[in-house]
Every structure is written in C-alpha cells, then in structure tokens.
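Dumping the structure here so I can ask a few things about it.
Labels run A, B, C and D following the written order; every chain starts at residue 1.
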Amino acid sequence: MNSPMIYALLGITLFSVGLYGLIVREHLLRKILALNIMGSGIFLMLVALGKRSAGELPDPVPHAMVITGIVVAVSATALALTLMLKLVEASGSAVLHDAPKDRS
Amino acid sequence: MIDFFSMLFLLAGALFFLAGTVGLLRFPDLYTRLHALTKADNVGLGLMITGLALQAESLSVAGKLVLIWGLVLLAGASVAYLIARGALLRGVLPWKR
Amino acid sequence: MEALDFALGLFDILLVFLVLSLAWLVMSSEDLFRAIVLFVAFGLLMALVWVRLEAPDIALAEAAIGAGLTGALMMAALDRLSSVKPIQKVAASAQRKQLSLSSKVLPLIALVLIVLGLGYALLSLPEIADGLTPNVKENMAQSGVKNPVTAVLLNFRGYDTLLEMVVLLLALLSVWSLGGERKLSPRSTNPILGSLCRVLVPVLILVSCYLLWVGADAPGGAFQAGSVLGAAGVLLLLSGWHVEQKYLLWPLRFILILGSGVFIIMAAVLLLIQGGLLTYPVAQAGWMILLLESAATLSIGATLAALFLGGVPKSRVDQ
Amino acid sequence: MQMLYISLALFLLANLAVGMWRVLRGPGVADRMLAAQLFGTTAVAILLLLAEAAKSNALRDVALVFALLAAVTAVAFVKRAWSMPEARDID
C-alpha cells in the first residue's frame, strides 16, 4: 500500500467519524464541526485519488476543486453559525428538538 | 564544514523544542507554561532556521526564513503577553511553592 | 533511499494517526471550547497532510482558512452563544433526553460498515489512473499561466470559479439578512495588540499580493491571497478598527461584488468576441487572468471578513 | 542531510503528539489555547524542514502563511472566546 492510498483511507474514515458525530451529537455547534470534518475527509479522498497519475505531477483538477471547496466550506460554516445563533435567540437552546406531538 | 554547523544548529533546535514540550507538560501553572513554551519554542525555531539558512541556495531564501522567524517571534511574544494579561485580569493566580 | 522512504512512511503513519484521533476527540469532547481548539489543531495538521500529498496550493488555502479563519469564526460564535438573550425560553432542559445506548451503538455499527464498504471500493480502484492530467498538460501552453492549478481554476474551468464567487456572495447575503446589524467593536486600548496589528496587517496585505502575483507560475492564486486578506480584515475587526459609516455603505458593497462583477462582464465580453464563455485569446490570457484574480482576491477578502462580523456592519459613530 | 531533515520532522511531529495531552487535559481554556500555539510553531518548523528536504519554495510560503495566521486565532481567543470565567463549564 502506498502513501496516497493511506491518505484516501484516512479520508473515508474522517468522513465516517464526521457522519457519526453529525448523527449522535446534539449541540448544533458540534454538528457544524462534524460537517467540516466530513468535508475534509471528502477533500482528502479527492486529492489522494488524483495522485494516482503516472506522470510527475498529481492531477491538478481535484486540487482546483478542493481549493474552491475550502473557501466555500468556510463561508457555509459562517452561514450555519449565524443560523444557529438565530435559533438560540428564538428558542433559547442550541439543540434541535422534535416538534411537540400534539401540534402536528 | 557548513553541513556540520547546520547539523549542529538543527539538533540544538530540536532539543529546545523538546524542552518546550516538557515544560508544557510538567510546569505547574499557566504562567510558567507560557514562559516555557514561548521562550523555548521560539529559540528552537530560531536555531533550526539558522541551520536551514546555512543550507539555503540563495540569499532570498535565507531572507524568507529569517522573515518567518521574525513573524513567529512577534506573534509569539504578543500572544504570550495577551494571554498572561488576560489570565491575570480574570483572576488566575500565579502558582506559589 | 530505503531508509528515507521508511522515515517518510513513519511520518505518514504518525500524521494519519494524529489527524484521525484529533477528529475523534473533536467529536467526543464534552467541552465545546476544547472541541474548537482541537478542531483548530486538526486544521493545522490537515495542512501538513496536503503538503505530503504534493498539493502546496491546497496547503496554502488550508493554512489560511483551517488554521486561522475557521477557528476565529468558531470562537466568535461561542462568545455570542454565551451572551445571546433568547426571546422566549422553551423548557429545553426538561425536554432534553439522554440518548439511549442503542441509538449510539447502531449508528456506530452502520458507520463501520460504511467504512468497510468504501474502503473495499477504494482498494479495488486501479492503481494508476491519469484522470484529467493529460488534458491539462496538452492545453497548458494556451492557458496564459504556468501553474496548472491556476490554469484549471481561471481558464479551463473558469465558469466554476465564477459560480463559486456568486456562492460566496449568496452566503454573505444570507448572513446579512439573518444577522441584523452589527456594530464594529470599540477600539482596543491595549498597546501590544495595537502594535501587533500595525506590523502584522501590512505584512498580511503584502503576502496576499505576493501570493496573487506568484499564482501565475507557482502555488498561490486568488483564493489563497483572498483568504490571507480576509485574515487581515478579521485581525482589524478584532482590534476595533474604525471605519466611517459612509465607507461601510457603497464602497464596501462595491468591493464585495467586484469579483463576481468583473467575472461576469469578462465572460459576457468574451462570449461576444470569442464566441465562448471565458475562452481567452491566447496572447491576452495572462493579463486577463491576473485582472480577474485581482478582483476576486479583493472580493474574497472582504467577504470573509464580513462573514466573520456576522451581520451588516455598522459604525459605532452614528451620524 | 535529507535523512536528518526527515527524521527531525518526524521527531517534531511526535513532539506535537505529546503536546496534545495538554489540549486534552486543560485545565483552563487558556492552557488549551497555549498548546494549540505550540502546534503552530512546531508546524512551521516541520514545514521548513520538509521544504528544505524537497528544495521546494512553495512549502516555505505555506510556512510563512502559518506564521502569520497563528496570531489571528490567538487574538480571536483573547478578544472573544475568553469572556467566560475560567472554571465555568461551557456545555
């Protein structure tokens, strides 16, 4: 096993750890952190698989995608954090609750 | 000859990094840890950068290395001050024997 | 050579182990602040991972964003979380129930299965696959730049980057419409913080210009330069930098739309002249890309700093 | 020399792994932040060693950005996240 493969495996494991956190953890800030970790895992896998090319240089297309992806991810995080603060303002808690049963 | 000196500097730098980490783990309170970390690590980085600058292929590369060290020193010193002052203002008491 | 490969292999394994355990600790930390600090450390190590994958372009972006901006964003959010005053208080703590053991274990089992499945798929991929490398190499001569990543970003897939700029703008618009007005924080009286900013901000701006310029033939470019510029903006906001209200209205909005605007105008003009979206004439490609990148850098920097503020900026000095 | 650079980089990474203990342990928020600062300085050193091993100028740029940005997180911490008293539980 060569080193790009190790990093690709790291990518999928990070994705799963993030997904687990997203499902299990309640606090929204932690869900946002989890989404970021999932994103990092996906970026990692893209780039690691792009490194399989036979030539000298790794494939530049995934690199370009990931660079824009990182910048978009940070702006999405900022939006998510604002939404979370808005929710706390409205409901007083940073946890998503099921809708009350009697009101459906 | 140059190789020997840069090796010397690099190893000495690594030693300082080790000392910094030991200080971070072993010292009893925030202020002493702050002191261990900022001093030892910045000297360690300085020694390493000296060792690497001796190997640099051109003057501009050596200049960039020194610039990096200067920036780390500036940031490290300011941040150490800000954290120590913040801790004092928030009532973290310095450790006494 | 053998020993060198062995040492690099050890480095890789230790790095993978560290990144993985950091990710796990971020998720399992009970203390929110601890989770955020660990996440910042995670970002730092991700930059090292990009270096090991021979992706210095990404390492630059990650160093500016993962290690700097994201941490600052999270910390500001944590601060607001503890100071926000809820309009109406739902009986949250009463409603909160402990997760049962099965609802923790079942996802874990499902995720182990997902890892195994994805891992199997990964390992059954062909060892060598060129992807789009040959296509990029073939067309490099016509791209007007020497850095393949910049060529992909601004030339071959320029329309992607155009839309990315619009996405950034949309994120900011949503934050502005949700976050309400936000006053700039008062000027810090701390002399050390002041002098740190006075030295660091000009250097940040200089490095940003350097990254923008060098992006044509070495790792660097608009996104990295913009992130560094955004960090300069965050530092200024933190130290209580004052701007008059009149500059926060139209001049700020002009800078924010500059990137997308120049991109769209350029695309439309080229569509009319060349008959294709963002198909540059070969001789002019170099300076056109530089123009686009400069505008994009300014917009990205301003957008990231504005996102950090989390609302429509309002000067403290009211007219 | 190559071998020395790589082994020193490995040594520093191990150093960083040990420092993680302080982030986990705390006890105060500032202690955690401090350890993260150590991560930044060490990462700069690792990057410079790898840059010299690969004779790559781009990696030195990465180290430069690291050196510049380490301060931003720390200032954000001091000015924003540190408004709560030391002992308070934040979750």
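We adopt the following convention: contacts are C-beta pairs under 8 Å (C-beta built on N, C-alpha and C of every residue); 3 or more make two chains touch, one makes a residue touch a chain.
Just so it is clear, the structure is predicted and the values come from calculations on it, not from any experiment.
Among the remaining chains, B is positioned farthest from subunit C, on the basis of C-alpha centroids.
Chain pair with the most C-beta contact pairs: A-C.
One inter-chain figure worth recording: subunit A and subunit C are separated by 13 Å, centre to centre, where each centre is the mean of the chain's CA atoms. A separation of 28 Å divides the Cα centre of subunit B from that of subunit C. If you average the CA atoms of subunit A and of subunit B, the two centres end up 33 Å from each other. Once the centre of each chain is set as its mean CA position, subunit A and subunit D turn out to be 22 Å apart.
Along subunit A, residues 27 each make contact with two or more other chains.
With touch defined as above, residues shared between interfaces to two or more other chains in subunit B number as follows: 71, 74-75, 78, 82. Residues of subunit D in contact with two or more other chains: 33, 35, 57, 64, 68, 70-71, 75, 91. By the contact rule set out at the top, the touching chain pairs are A-C, B-C, B-D, C-D. The touching residues of subunit A, when paired with subunit C in their complex, are 3-10, 12-21, 23-27, 29-30, 33-34, 36-37, 40, 43-45, 47-55, 57-68, 70-72, 74-79, 81-86, 88-95, 97. Those residues of subunit B that touch subunit D in the complex are listed here as 3, 6-7, 10-11, 13-14, 17-18, 20-21, 24-25, 30, 33-34, 37-38, 41-42, 44-45, 48-49, 52, 55, 57, 61, 64-65, 67-68, 71-72, 74-76, 78-79, 82-83, 86-87, 90-92. Interface residues of subunit C, counted against subunit D in their complex, comprise 3-4, 7-8, 10-11, 14-15, 18, 21-22, 25, 30-34, 36-38, 40-41, 44-45, 47-48, 51, 56, 59-60, 63-64, 67-69, 71-72, 75-76, 78-79, 82-83, 185, 188, 193, 196, 200, 203-204, 207, 211, 214, 218-220, 224, 228, 231, 234-235, 238-239. Considering their complex, residues 1, 4-5, 8, 11-12, 15, 18-19, 21-22, 28, 30-31, 33-35, 37-38, 41-42, 44-45, 48-49, 52, 55, 57, 60, 63-64, 67-68, 70-71, 74-75, 78, 82, 85-86 of subunit D touch subunit B.
Contact residues of subunit C toward subunit B in the complex are 190, 192-193, 195-196, 199-200, 203.
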